[in-house]
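Here subunit A shows up in two complexes: once beside subunit B, once beside subunit C.
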Partner chain A sequence: MAGRSGREISAVPETSIKSKLLSWEGALILILVAVNILGVAISPNYNVNNVLREMPRYLAEIFMMFGMGYILVLGDIDISVGALVCLAGTVTVLSSNAGAPFGLAVVICLAAGLLGGMLNGFIATKFTELPTMIVTLGTQIIFRGIAEVLFETWGNGGGTASMTDTKGLMLLAKKIGPFPISFFCVIIAGAIMITVLAKTTFGRKLYAIGSNKTAAYYAGIKVQRIRFICYSLLGFLSGLCALFLLTATFGSNTTTGQGFEMEVIAMCVFGGIATTGGKGNLIGAFIAAFIIVCLRIALGQRNINTQVILVIIGLMLIVSVLVPALSGALTAKKKKAQT
Partner chain B sequence: MKKKSVGQFLSESREASLVIVLIILLIVVGIINPSFLSFTNIRQIFLNNTLTFLMALGMLCVMLTAGIDISITSTLAFAGMSIGLLQKYNILHNTFLLFVIGAVIGIVCGFLNGIIIAKGHVAPIICTMGFMYIWRGMAYVISNNNWASGMDVAGFSDFGKDGAPGPYIILIIAYIIFFVVMKWTRFGRRIYAVGSNTEAAQVSGINVDRTLTGVYTIMGFLAGLAGVLSVSIYASAQPNMQYGKEMDVIAACVIGGVSMSGGRGSVAGTFLGALIIGIISKALPMVNIPNFWQNLIKGVIILAVVILNVVTQRTMERQNLLRREM
Partner chain C sequence: MKKKLISLLLSTALAATLLAGCGSSAADTAAPAADSGAQEAAPAADDSAAADTAAPAANAGGTTYALVTKSAGNPFMERMASGFQEAIEAQGGTVVIQNPEAATPDAQISVIQSLISQGVSSIAVDGNDANALTAVLTEASNAGIKVLTLDSDVAPDTRTVYCNQAGVSQIGETLMEAVYDLTGGEGDWAILSATSQATNQNAWIDAMKKLMESDSKYAKLNLVEVAYGDDEPQKSTDQTQALLQNYPDLKVICAPTTVGIAAAAKVLQDQKSSVKLTGLGLPSEMAEYIGDDDAHSCPYMYLWNPIDLGRLAGYTSIALVDGTITGAAGDKFTAGELGDYTIEEIDGSTQIILGPPFKFDPSNIDEWKTVY
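This part shows the complex of A and B:
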């Protein structure tokens, strides 16, 4: 499908079974299987029940990953989401402690996330000259700053607050069979987000914007409106992440969510989404997320220095972006021969 | 050529407008609390922000090539932890050698970044994010979650303790070298060339890959140096030291007028940007604003500065258009 310019339209799926198996997603599934085999091999406690029990803490991040995938496909980046999780979690805990019923606290949590995302989107679309990295760097510091101020002025100070009324959270942390509720929520959210990105016109528009903003604009796509929607969506999902994180931690402090933004971006990139935009899909990112989660749980159970996981994630990330670059020359040659 | 009006001069020269912001800031804080302008206090601003000042220079070079390096504080932690442990286990206590070792570790880390970004054509943020995890993890692994306490680094910490000249000398030398290199040497101009237009630089015979590798190696060197300094100044080494502070360094550059899309920025601007960040964090408690407002105010200032920049540029362009029409 290479046009005259030699540019490839990346949203066009390859159809043959062979290419599907050889794709990055196929490799990711193999890695996921390998990680699970490794888990069983190194830890006697690594079984379905235990893994699912430890999962909620990590599952929360996956919500954000979907939104981040959209943003990265657009060719943008958002490094404020970790701080936004902190802010949303903080207002939830503080409002609940101030006497708000659980339902209201949930609404506040999601609204805080949505508003934060809308602020990002507003600045990013009104001042398009600014790289989104700078915009979200600013809002990142602001969101965490607001949370810090709230702890001191509204909470008990000390930069930490735990929820006193945990009845509602317990309800959310319940399990259906061995599966925690958040697991189903992640699957449902994933199904929706993956389908929207891969199968709808909205998803195609994202790829169009990510590949070439100007061309997308002249093709009649409302570029700025779509960017705004994606930022708001990511903000909303950050709120959701904060909510499900609370079901595991029952409290919030000034370091909640620190580094989440990078972990989420790492999941996406490991899953094959390019930060330059217009490439990759969420299925890969979804599998990559579970690889990282399973690896964490396995290493955690084995009592291996938990920070080793950082080294492994870093190595995986670099290898995953280097492999396409190294084989890039080869495939480029092939493509040239085809056209 | 027509003489420029004051407003035009200010909107075109980022350094001039930063100096004015700085003077206003100093006057306001100085009126509310005169002790802010004392020599000791200003000295401490520099001491507390030595690491930001130092690493901002490297970040300037990296951002001039339209890149970014978020692995710096991890490199810092790895280098700092290494030399902390060397003292903890009584292997080495020579201050000079410790500096050399820290710097070499930094250079290796930076070189790896550079070679992967230049030869592998990996997006800088992704590559450095990978190393951000790797070096931070390595810092934990080599230390096995232990600290090197003030006792362990007792003799070494004299170098950077409050009042010792060491950190200031390093800062002054670094800024002089970078000012000269970025303005008057071939390497410095190459960095600007690569950042403004990579293809043009390539065509005109500049070895882009080598320049990129060099830039990230310099960044690594400074981060390693900052790691050693950090151990000396704070008299301890922990694997999580300076976690998340890379954003401060980037923010200092951004406030100082360094463009993230490359090719624009100066050593003077970087210095002023870092100084403004340092002054804000030091001044807030002195003008009776509690410290927990610090991040909020810092974030608002960063956003305000970059948005203001966009707005002035837009009005300038509009005025230029008007002039052409007449």
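This part shows the complex of A and C:
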């Protein structure tokens, strides 16, 4: 793909069908199929109904993954979202128990997520010299800290509270056929987030910022404003994650959402999004998320030690990062040999 | 183009190794007993699996009893699981023991969901949270699975019966009496607990606090702080050091958790502190710290037998599944070598109480340290 100047324009994607099939996303689809074949092969109980029944807890995480994908494409990172899920879940449970109707509790949940995300965005854009890893490490501790204080002041003692009025949550946990409502919500949210990132100028700007912040700035992109929007969006999606997580737990506690941030980052990276920014797309991450979820369910049904499952997922993650790097190195070597 | 071809080839290779790797690891990890049972069941289930919905009857090869512990790598949980396994395998049942990946209710939810898919007959849970498991345990009961709890309880209406290691008030009284004895009746003392949401820990601490308020005998005792070591050795060590620093007049630390007491014992003994320790601990871990002289940090401590608690839960699972008991107050059954038990109604919840806590002191620690 040489431009008129003769230089390689690497950021412009190839569009032929052949290249699409041979891309990382194509490989991911194959792996997803392989994982499902594996599931059926090793567990007699691995079928559509059971997989969908076990899925809601993981589906909640996928909402957050979309937002995390945006942040990673920007070249930033946000490790506070697991704690933000805890905070949003906690205020929802406590406000509902204090008498708020379900509709209001939902608004509070989403608002708490959005506000948390805006706080992250505010600090990250006003103090650009701070690494976002450190900023969000700070807010991670703050969010979980606030949740713990809330439990102490308004809870019934101990770091846990369950929602007394579960009617609304039951409604959200309903199923259409074997499909939980959250499944459709994930698909809709996914379609919107994928399209925005891949097909709009807003999405294109994210890639520009992720590739080179300074160049993007001089190209007239409002870098900080877009970063702020992305952090807020991720916060909002964390609120959504908390809401759907509540439909599986009906309550919140001090460990709610622990490790979620790393799980969604893993899904993104496995899906081909580079943490250095500017590379990858959400379709890959979306497929990767289902690979990890299906693999966990399949191995879980075989009663494989949960720690061993973590080891397997960790290995897959490393290999998935190694493969493009290795093949990249190979091509480079070849080119060198040719010249 | 070449690069992509290579990545495709490599990823199919990855998928293939994954398939092979999982096949072999499935055979040698996890509960070996569960494997044989599942394999026997597989041919029968294969035909029907596609047609069946969340089929509880998929395990045709025998009755499967599951145990979900709090977390992996906890000696108490391991002993409990071994007792559970022993009791059930002696009766010819199949056992599945699942340690969640983290000591959180979220991790337990995933594990329990998976057990529902497998259609086990009973699930015994050591709850990481009283409320968070409500939805998933209700789902298990609706699928026809008998749900019981042991060690740490969940919301009473989501399970049939709770195998309690000892009554809450019994433990509260025993520990309060120990604190009274070790302080000499007056002065500062502190509690080193596990996590702030651990159901059993909080119940015991509440019982102790209530005793201090209601009984004038304890009026001169001053509980300075309840510290949380989260059942992690390092955090428990840090919390113990913080207690020593913040309260120079501290006389006694009471740690009603096996991880906490072992960490605290090491800190106190290493620093040759005059602060004394008591609480609930594993004899094998605490043997080197138990002694009456100043060189030892813990004069005596208590615990029940985790192996027996696991056994009791095992026999209770069997009795629930074969219909001997339903989980109602007044139901009686025989728990093998443990003897006869009756389900009691305590504070509006149905429980089976293992027995009073057992005291470990210099006279008997050598005998018990090899047991568990």
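Everything below uses one rule, namely that the second predicted complex is superposed on the first by the 320 of 339 C-alpha atoms of A that agree within 3 Å, B and C clash if a C-alpha of one lies under 4 Å from a C-alpha of the other, contacts with A are read in each partner's own complex, and residues count from 1 in each chain.
Operating definition for what follows: a residue touches a chain if its C-beta (ideal position, glycine included) is under 8 Å from a C-beta of that chain, and two chains touch if they have at least 3 such contacts.
Just so you know, these numbers come straight off a predicted model, no measurement behind them.
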item: Combined model on subunit A where subunit B meets subunit C, clash or fit; value: clash
item: If touched residues of subunit A are counted for subunit B and for subunit C, the larger one; value: C
item: Touched partner set for A:Asn212, first subunit B, second subunit C, both or neither; value: neither
item: Partner chain in contact with A:Ser327 - subunit B first, subunit C second, else both or neither; value: second
item: Which of subunit B and subunit C A:Asn97 touches, first, second, both or neither; value: neither
item: Partner chain in contact with A:Gln224 - subunit B first, subunit C second, else both or neither; value: neither
item: Touching partner for A:Thr276 - first (subunit B), second (subunit C), both, neither; value: first
item: Which of subunit B and subunit C A:Val135 touches, first, second, both or neither; value: first
item: Contacts of A:Ile123 with subunit B and subunit C, given as first, second, both or neither; value: first
item: Shared contact residues on subunit A - subunit B and subunit C; value: 148, 159, 258-259, 305, 307-310, 312, 326, 328
item: For the subunit C and subunit A complex, residues of the former touching the latter; value: 1-8, 10-12, 14-16, 18-19, 21-23, 25-26, 29-31, 34, 38, 41-42, 45-46, 49-50, 52-55, 58, 72, 96, 98-107, 109-111, 113-114, 116-119, 128-132, 134-136, 155, 195-197, 199, 202
item: Subunit A residues within the subunit C interface of the complex; value: 19, 22-24, 26-28, 30-31, 34-35, 37-38, 41-47, 49-50, 53-54, 57, 148, 157-162, 173, 247-259, 296-297, 299-310, 312, 316, 319-320, 323-324, 326-328, 330-331, 334
item: Subunit A-touching residues of subunit B, taken from the complex the two chains share; value: 68, 70, 116, 120-123, 125-127, 129-138, 140-141, 144-145, 239, 243-244, 247, 250-251, 254, 260-261, 290, 292-300, 302-303, 306-307, 310, 313
item: Sites on subunit A touched by subunit B in the complex; value: 77, 123, 127, 129-131, 133-135, 137-146, 148-149, 151-152, 159, 258-259, 262, 265-266, 269, 274-276, 305, 307-315, 317-318, 321-322, 325-326, 328
